Every structure is written in C-alpha cells, then in structure tokens.
Amino acid sequence: MGILVDENTRIIVQGITGREGSFHARACKAYGTNLVGGVTPGKGGQLFDEEVPVFDTVAQAVEETGANLSLIFVPPPFAPDAIVESADAGVPLIVCITEGIPVLDMVKLDKYLQSTPVRLIGPNCPGLITPGAKCKVGIMPGSIHQAGRVGVVSRSGTLTYEAVGQLSDLGIGQSSCVGIGGDPITGTSFVDVLRMFNDDSGTDLVVFIGEIGGTKEQEAAAYIKAEFTKPICTLVVGAAAPAGKRMGHAGAIITGESARVEAKTAALQDAGATIIPTPADIGITAQAVLQQLK
Amino acid sequence: MKIHEYQAKEIFARYGVKIPRGKVVRTPQEASRATEELGGQSVLKSQVHAGGRGNAGGVKVVRSPKEAEDAAQQMLGKNLITRQTDAKGVPVNELLVEGLADIAQETYLAITIDSSHRGPVILASAQGGMDIEEVAAANPDDIHTEPVDSTLGLMPFQSRRLAAKLGFSPELARPAAQAIHALYRLFVENDCSLVEINPLIATGDGEIVALDAKITVEDDSLFRHADLYELRDVSQEDKLEAQAADLDISYVSLEGDVGCLVNGAGLAMATLDAAKNAGASAANFLDVGGGATDEKVASAVEIILSDPKVKQVLVNIFGGILRCDIAARGVILAYKNKNSSLPLVVRMLGTNVDEGKAILRDSGLNVTFADTIAEAAQAISAAR
Amino acid sequence: MGILVDENTRIIVQGITGREGSFHARACKAYGTNLVGGVTPGKGGQLFDEEVPVFDTVAQAVEETGANLSLIFVPPPFAPDAIVESADAGVPLIVCITEGIPVLDMVKLDKYLQSTPVRLIGPNCPGLITPGAKCKVGIMPGSIHQAGRVGVVSRSGTLTYEAVGQLSDLGIGQSSCVGIGGDPITGTSFVDVLRMFNDDSGTDLVVFIGEIGGTKEQEAAAYIKAEFTKPICTLVVGAAAPAGKRMGHAGAIITGESARVEAKTAALQDAGATIIPTPADIGITAQAVLQQLK
Amino acid sequence: MKIHEYQAKEIFARYGVKIPRGKVVRTPQEASRATEELGGQSVLKSQVHAGGRGNAGGVKVVRSPKEAEDAAQQMLGKNLITRQTDAKGVPVNELLVEGLADIAQETYLAITIDSSHRGPVILASAQGGMDIEEVAAANPDDIHTEPVDSTLGLMPFQSRRLAAKLGFSPELARPAAQAIHALYRLFVENDCSLVEINPLIATGDGEIVALDAKITVEDDSLFRHADLYELRDVSQEDKLEAQAADLDISYVSLEGDVGCLVNGAGLAMATLDAAKNAGASAANFLDVGGGATDEKVASAVEIILSDPKVKQVLVNIFGGILRCDIAARGVILAYKNKNSSLPLVVRMLGTNVDEGKAILRDSGLNVTFADTIAEAAQAISAAR
C-alpha cells in the first residue's frame, strides 16, 4: 500500500537528458521505478540509456507510453512551463524537484492548478517514494528505505532521509515518504499528505518533520486535532537558528512568535502528537510509539 | 536581495509614488550643498541595509548647511550598529539628504508574499512611524491584512478599504489608492519579496508621500531582473555571506566555533539543533545545496575555513541530489587549498556513501567518522 | 417555488444612487422585492427613498442587513470591481445588469469566480424574477409576469419579456424567468439554469430562447438530450439576420455553420425540444405542450 | 472597431513582430517614389476595412515606379467592392506600398476570444495565404485551436506546439514562438477582439514576417484605449452605421423597406424574423439599447428616416430599462425634426406603456397600434 503511487504508476522524466535529470532517472529506474519515458524538447526520438524513449512534448509521451506521473528536473526559468505542459497533457500527478522557481510564478501556477484535477508535489522537494511498490519518484537515496507501515512527511529533503535512515536502522519500514518542499507556496500541503496517510490502510504511524518559519505546522496541527486518527510523531527543527535570519531556501524566515519552534511544537503537542525531543531521536521515538501500538 | 532606501525611492518615483525631494551624497561637502539646495534644513539618512537606523544615530535632522557638513562628517565612513546588525555593524558610505516633510499623518504600508494566503498580501496600519513588530505584538488588530488575487490584481474596492484602514480621510482616499496601486504593480513587476513604507505620510497639503522606502527583491527572481541585480551593494553584506551568495550557497554566520557543512536547509537546522543539544555551538549555518559540484563544495568549505572563529569542522551530508563522493572531494580540495589541519568530523549517508568515505579515509586529513547525527554531535562536543 | 431566489432573499443594489440603479431599485421594491439596502462608495449613511439604507461598502451592507443577493447597476469600467467586492463580502448570488464590460475583464472575473462559491448572473442581462415569491431582481417590467409553473430562460432581455408577455396573455404563469445575458462570457450558462429548472419541483415546462452566434444553444441541446427530464419549447432568433454582420451586443456574430439558426434549431430538435416556429408563437406553443401534459 | 492594415502593422512592429518594408501613400506620385525606394518593384495594397481585397483587384504587384504610379491612379479615390462590402463598396484613400517578399512558407495565425473556452484562443494553420473559412469548412483538422489560460498567459510549450502546427521546421520554431508571444501580448494589452495574420510567412532567410495584418479592437474596451480610438476611419463605415455607432446605437443596414426601431438585440432579431415571416423585409436592424434617453431614441429614429429605402417604420418596444414614454417622446421628436409623414406601426409593452401609447396617440402622427408581434408584422405587411 502507501500513498500517491503504486505498481500501476507510469513515470516520465521531464529534463531527462540534463545532468540531474539523467542521473536521477537512472537511479529511479535502478530502484525499480516504472520509468516509461522522458521529455526534452528538441530531443524527441532519442533513446535514454538505449532503452527509455525520449519525446519532444509531454503530450506525445503520454500518448505513446500512457504515463500518469511526471517527475520534473528542469531549471527554474523553464520549470513552470514544464509543469503546465504536463497538466495540460492530462498527467494527474506531477513531482517537481526544481529549486529556485520565482515565488510569483508559483502563485500563478497554484491558481491554475487549483482549476484542474492535477496534483503537484513540490517544487523544491525531494519527491516521494513507496518502497513496498518499488516506486521511487525523486532524489532520495533508495537504499536507505525499507518497505513497511510508517509514513514520513517533511518540508525538507535531506532531513527526510535522516528520518528514514533512523527508522530503517531500527528495522522500521516505511509505507510512503513524501517531501512537500520548502518553498512558501507548494502544490501539496502537510494537510493534503496527512489526509492521504489517514485514509491509507498500509500506514500505522506517521513521522512528521517541520521547520521554523510560516504557519504550515500549525495548519497541520489543526487538522491532526480535528480529523487525524492515527498516532503521529513530530519534530520541528530550527531551535538553534537565530531570530531574524533567513536560513537558506527553507522558507525558514522567523516572522513572529508563531514561526518559532516552541509555538509549532506546542501546537502539535496540543493536537495529540508525540514530540520527538531532538533530531537524533526520530527513530527511537517512532519505535516507542509502535511498541505501544502492539 | 536588499537595496538602499534611495534606490527604492527612485523606483517608487518611476511608478508615480511621491517621495520627498532629496539627493544622495558621499562627502560632507555634498551634504552641505544638498542641504543648501533644500533651503538650509534637511534630514541626513544613513544608507545601510539594516533597520533600526533612527535609534542607532543613523538619521539626523540638521538646521543649516554647516550643521549638515559636520553631521555628515560624523556619519560617513563609519560603521553603524543597529539592533538588526551584528556587533561590527554596517558601513555608511552614502547619505540620503532630504527636505523636512510636513507630516500630518503617519501610516504603515507593506506588501509581501504570505504562504497561508498563497499569494501577495498588503499590510496596512494607521500606526505608522513606529516599530511595526511592536504594534503587531501589542495590538494585532491595528494591522489590516488584504490578500490580493493574482488573477485579478488589486481591485479598487480593496484600495478604498486599505485607505480607510490607514486612517486616511475620504479626500485622501483617492491619492492613497493610487499610491497603493502603483506599489502593488511595482511589487509584481519587480518580483519583490517585500515592499515596505514606514511611514507613508499625508502632508499638510494633502499629498501622500513615502517618507521611507524598503524593497527586497526575491533572490530566485534575480535571473530576470539584471537591472535590479546591479543595485546590489556587497559592502552591506557579511563578507563570507556575500561570497557564499555569489556561489549560490546558503550561509549565515553565527556565534559558535564549529564550522558546519550540510546539504539541505532542514538537515542544516537539525545539525545546529543537535550540536546545541550536545553542548557545542555552530559557527555558521551552511546549506551547500542540491546540485553542488566538488568545486562548489570546496568553495563552501573554504568559506568555513576562512572564519577565524572556527575551531573544528562538522560535515553532515545525506547524499541525494548531492553525491557523497563529490562532497568528499570538495572537502579535501578545500583543506588542501587552505592548507588547513583543523579537526574534521564527518557524517555521511546516502548516495555513493562508500566512495565518499573511502576518498576521505585515503586523504590523510584528520577525520573522525560518525554514523549518526547523535554520534557526530558527541564527537564535536568531545573535541572541544 | 422557482429557482435562485425565494422569500428569504435579501437584496442590495450596487449603484443605487445612480440614474438606472435608483429607477430600478424603486421598481423592484414596488413589485415586492425584499430590498434591504444599497451601496454607493462615498454615500454611506444616506437613506434611499427615505427608507433604504445606503452603505459605502458591500461588506458593511452585508454586515448590517444580512443581504444575500446583490443587483448591480454600475458603469462598465467599475462593474468588475463591484462584482468582486460583492463576492469578497460573501454575497452568494450576484446579478449584474451592466452592459459593455470589456470581454477580457470578464475572462479574468470568470476565472476568479470559479474559485469561489459565488454565482454570477449576467452581465448584460435583464436579471431574474420569481413571481410566486414576489421577487424581481432586474429590469424586466414586473406587471407582465404571473406566478405559475413555466420556467423561462434566454440570452436576451426584451425578447424574454416578449416570451413572458405571450405566456401571461394566455394565462400561463411563470415559476422563474432568467436572462443569462448576451455577452460572449457570462457567469451563468443556459445549462446551469436548465439544471436548476430540472431540479425545481415548481417548474413543469421550460421556454428556452436562443440566438444566432456562438454555440451556447448546442451546449444546451447536449445537456437537454443527456439529462433534462422536463418538456421544453425552444425558439432561436436571427434567421433574417444577414451572414457576416454583427447584430448589436448580443454576441450574435455569425462565425460558422454552427452559429446559424438552422444548426441550433436542429440540435435542439434532436435533443427532443418542441420547436417554436416564429417569435409570435411562443405562447401558443407552450400552451399546446402544457395541454398535452394534462 | 477595425483599423487599417498599415496601422495594425505599425502596432505589430512596436511589439517586435517583423513586417515587410513599406510606406503608406495617398497619391500616385508617392506610390511611384515609394516603389523606387523599395528597389523599383512593389505591391500596392488598398487600405480598406474589408476582406477579399485580392480577388477584387485591391492588391497589385508592380514592376516599376511608372507602373506603380499608373496602378495607384487606378486604385486611389475609387470604391473597392469585395465580397465583404455592400454594392457601393468602400473608398480607397490610402495604399500601402510594400517590398516584394521572399516567401518560403505561408501560414495562418489568429487570436480571438472564444466563448466556449471562456477566454482567448489562438488559431493556427499551415494552410496560409488562402481563404481560411474554406479551409475550415473543407478540412477542419487543418486548423489548430490553442486556448490560453488568462492567469498564466501563453506558455512556451504552447508556442512550441503552435509553431509545429504552423508547419515550421525546428529552426524556425524559436522566431515563430517569439512572434506568437508578442502577438498574444498585443492582443491582451490592446483589448483586441481579433488579431489575424494571413499569411504569416517564413522567408527564404528564415525570418518570420507578418505579410498581412488585421486588428479589431473590442468596442466595449475603447474607453481605455484613446490612442486606438484615434485610428478609427469613418470613411470605411456605412454612413448611417457610423452615425449610430457614435451614439452607441447598434444599427446594421439591410436591404428591405421597413425601418425598425427595437430595444434589445434579441427582440430586434425576433422582429426581423417576424417581419420576414409576414412577407415584409426590414431596412435595418436597430437596437436602441437599454439606457436610452428620448434624445437618443430620436436620433435612432432620425437615422432610420434618413435611409431613402425606408417606406414605413415599425417600432417594437418592450419597456424594461428603456421606458415606453421615453421611447414615444423620442419617436415624435424625430418625426418632427425630420418633418416626416411615413406610416408608423407601434407595438409597445412593459414599463410605462400606457403613458407611451397616450403620448403617441396625442401626437397627431399616422400611428397604427399593434398589441402583439404578430399583429405588428401583419400591419406592416398590410401597409405595403
């Protein structure tokens, strides 16, 4: 089980002939992902790794391969076009890895996507993986994952791997792991992913990792309190970050009290989450909760 | 990217937003002459990329050209330390000399992107001219938030509402609405992350004037704003931060002594948190980014090694889009270039991890390997 | 019964102090419409006809009067603002009479309204009336209407009155009459109104009046064929209009075969509609169908 | 509102769309000189607001300045009759003299508003340079329709697709996409209802050039395009239609002899249909509009009475936003001003109908009243 992808997911990579695109397309394929094609305008007709057909347009790729997920590695100035091209071609799920898309472009894209049935994961995200379906759609190192029944959701990339690494080291497998992305505006929210985990019979526990900045964790807390029915372990990082400084592209701007770790942790605790004390304790906290479930 | 007040005001003027008469000067003599041209009185405003100038002595009202010259002499060429700078402060290389305004009313207006509204919002308060964060903390209702639909743009009824929330009388509503529309257009056309005016004033003559002006351009959009990028003033930035920014590395200087190289902002924050929990303290936040080459990693490590505070280096790499072997090569290159022997704690996982560790092991550097984030934190704590 | 409005509808008029706005606000009120307020920026605090409070903003009007319908008489350059102001204030039903709103403004408005739960009738329309609820929200002459069980829908203004006049002359009352407006882009389509009539237990028969130009009648025909369960009489005008000439603001541009009367009439006939032979036969055709129903 | 080809091309050029070298001339001598400047050969194109110029002799290729002078002599000052004009044709006051193009490929491109897509659409066909309506009728699949989302604007993948549908080779895709983007921007910024190029060509040198140019500006948007309104050429419009348009009255001249005054486009069309069914034939379509005053109604009736074809007048007013008393006063005023005694059939219903009828009854005009649209049609039929 798991969410968003399964054995029937047919994946194309936009930007498959680029440096990052080709590296990760190969890694996804090696993991077992059903990579059915790639898209690079002007390179239609080529074969990627002597096997995967490359198309000029997403529409052609969809028509020829029946693709239903597009994974995007396209530089920021061209990524919005790539996303809309996939949406226009009827691809229902789009995962955009690209970091650095101008926020006003995302504002427009978000409006547009809301008028379509398309779901976008990202941008500026590591993608998602469902180990049980051998389906990796992103840049996470596949080897650290194990199939299992814990869902992981995070704004961050590498911190998600950290969480997964700690889980797998304790023999705790994952149903699905989703990085929603660190930008101020993302296609999919914490709440969207939590809702899917809530409905997924293959997920027993969720590990949730938030950050300073914004109020996304509070929105998640409100949803957890109102509707979420499963145990959840949460970590919010950034306690050691000084106020008023912007920490990278993580949307981690301390804008007020509610953006601080304490406020977010308090909201999640109030919602009934089990608080993970430090970044080193992700695995053991999850393990403890799972043991109680038995 | 921040730009100076006078640069922001030039852009305001281009969009039809009224600004005070004024001139940028770089010498005391120019300050004197500018004050004379303004009728013998003026306000001298330090052009620095930091808020809190007023309380820090960065803004002075002068009543004669001579007084202007003396004040400028005091201000120019010095570093200004405000609550938003570090202890070194920021250099004052330019002053904006402006005529004294006839202030009838002071208000606060800002435009930014709000992620919970998924688009631009305009913030307005009748409590202008004071610390807006204090206003927000004490009386949140005094700040009005107006979300703008990006399809429609700012609608006239919204600017009427904003003018009312700013506390302007019906006669001032029209010029105020015009100014707000112009500022919104400016915000969108220049891909700003912040446009802020504190105070936006009404003069005795019934004009709406931007007495201050702050523009921050979104870094991710600079590729399509070459003209704005030219306004960058590196003198206002932390030297290492500026160097990092040029390389598209996220780097923030902190107070501790452990130099940190991490990939990913979230993991970097988690690393800072873990170090703190173990009793150590980071000298910096550094996210080397996803698509880094070995040269870029090397540059990042060189920036860390250039910081005299740094006594040891912690590398925490979880290979994904950045591969561990590339990170390892970059670290070695930097240590070689800087001829450094600082102790190095390395925690690596993920893509090509075995290659990465092997490369470091064979490098001859003083490396302690850690398997977990907890072990890494303990290792740096133990080495202090 | 009837659609869209009932005894609980509380109406404000935007532009109530203008020439058209005041005339028609008065006429609606005289008909029995529950006019609770008016809006004209800068004239808040006045009383219209010594009775109806005028507000500066729609938000104030809604707060003070509980209005849930706004009827707009505002000149074209300001009408989009008036519509969005009402939508923003939470008014669920907006009727815009204004003629001459630039089409690209409507394109944007339409996009925006689709992201809200708000329904817009018009612009460039006569409004709507439900005689049984004594609720007239528009510029139609109230006196020609009778309460009854025939629904009327049209793109046109005066031609709707013509239809109603013929019905009432034969003693056939109306459940509701809706003019969707003649512009290329309107907030509510024929199909939207037909769907409501289909669900309305107070409507036995629908009189549908189309025009040359565009393909709105074909879209209606497709819906009628697929889902509409009630008898319907249809007239399409413009047979005597010469090809290639634009006839007023009615969106009546003959753009191709499908825009012609013959094509539209054929589509409606194929959908099972009873065709009204000439504009003089609206009443008698409806009468004949009603007699068969008995 | 239509504008001339040369005016449209000037706007194209402002937006960066390539157009042929050329000059507008108003005399044969200027045509000769322009042809000389273009190297001795040119094409002379009549500047008229009507399609089908080519087949009607409105476009001539000349091989020398002398030939240009002679041809211009033939063309200028005459009326051109095409399949899109009436039998009088439209006056040719200006010629566009252009250099001969090196055509490698001809395509068709247009932008318009499509109500079923609820927004702008771009039409593209590789079958350029021919009658596009014939192409559409014979091979609808040869015309590609690309809807544009107004929030996003035209996206690059769409222009790539359009360039491919136009049949351009990959090398031409980039300049073609640039031209399409520019045209879309032009369409939106100028509130056009139509931008059409037939043909849009590729030259032997690999340039994309608009060989023809048609722009229609949406009438409802002219209030915010004063600059475009100045391009209006009344000489190209039917005199009565132009007069009506100035008064914001929808009027279309037809072939019959019954002048029709109606309020509402739908009712006006129904009135035409009813008249035709009764064996009569309308001299015009006239929708006096909703918010008409008595003066406006009077002007409308005067326009009807100015048409020598008109033998009787049919008034069909269903009072709503227009009140019957106002309509009645307007009709009387016009008959008085024009000193007319033409028979008048009046059918009035709705707001203030009793007042309206009383005013007409007392006016002394030769009025036949009808109660229904059928009676009115019979009355005009009987009076023939």
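All chains are identified by letter, namely A, B, C and D, in their written order; residue positions are counted from 1 within each chain.
What we mean here is this: a contact is a pair of C-beta atoms (placed from the backbone, for glycine too) under 8 Å apart; a residue touches a chain by one contact, two chains touch by 3 or more.
Treat the numbers as computed from the prediction; the structure is a model and nothing was measured.
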Farthest-lying chain, centroid of Cα atoms versus that of chain A: D
Of C-D and B-C, whichever chain pair has more C-beta contact pairs: C-D
Chain centre separation (chain A, chain C; CA means) in Å: 47
Distance from the mean Cα position of chain D to that of chain C, given in whole angstrom: 28
Chain centre separation (chain A, chain D; CA means) in Å: 54
Chain B residues counted as touching two or more neighbouring chains: 149-151
Residue list for chain A, restricted to those that touch at least two other chains: 108, 111
Partner chain B, residues of chain A touching it in the complex: 19-20, 24, 27, 76-77, 97, 99-104, 107-108, 110-111, 126, 139-141, 143-144, 154-162, 165-166, 169, 182, 184-185, 209, 211-212, 214-216, 219, 235, 237-242, 244-252, 256-257, 278-280
Contact footprint of chain C on chain B as seen in their complex: 149, 151-152, 155-158, 160-161, 170
In the complex, chain B residues that touch chain A: 84, 113-116, 118-120, 133, 136-137, 149-151, 188, 191, 193, 218, 220-221, 223-224, 250, 252, 254, 262-277, 282, 285, 287, 289-291, 317-321, 349-351, 353, 372-374, 377
Chain B-facing residues of chain C, complex: 41-42, 57-59, 78, 80-82, 84-85, 88, 108-109, 111-112
Chain B partner contacts - residues on chain D that touch it in the complex: 150-151
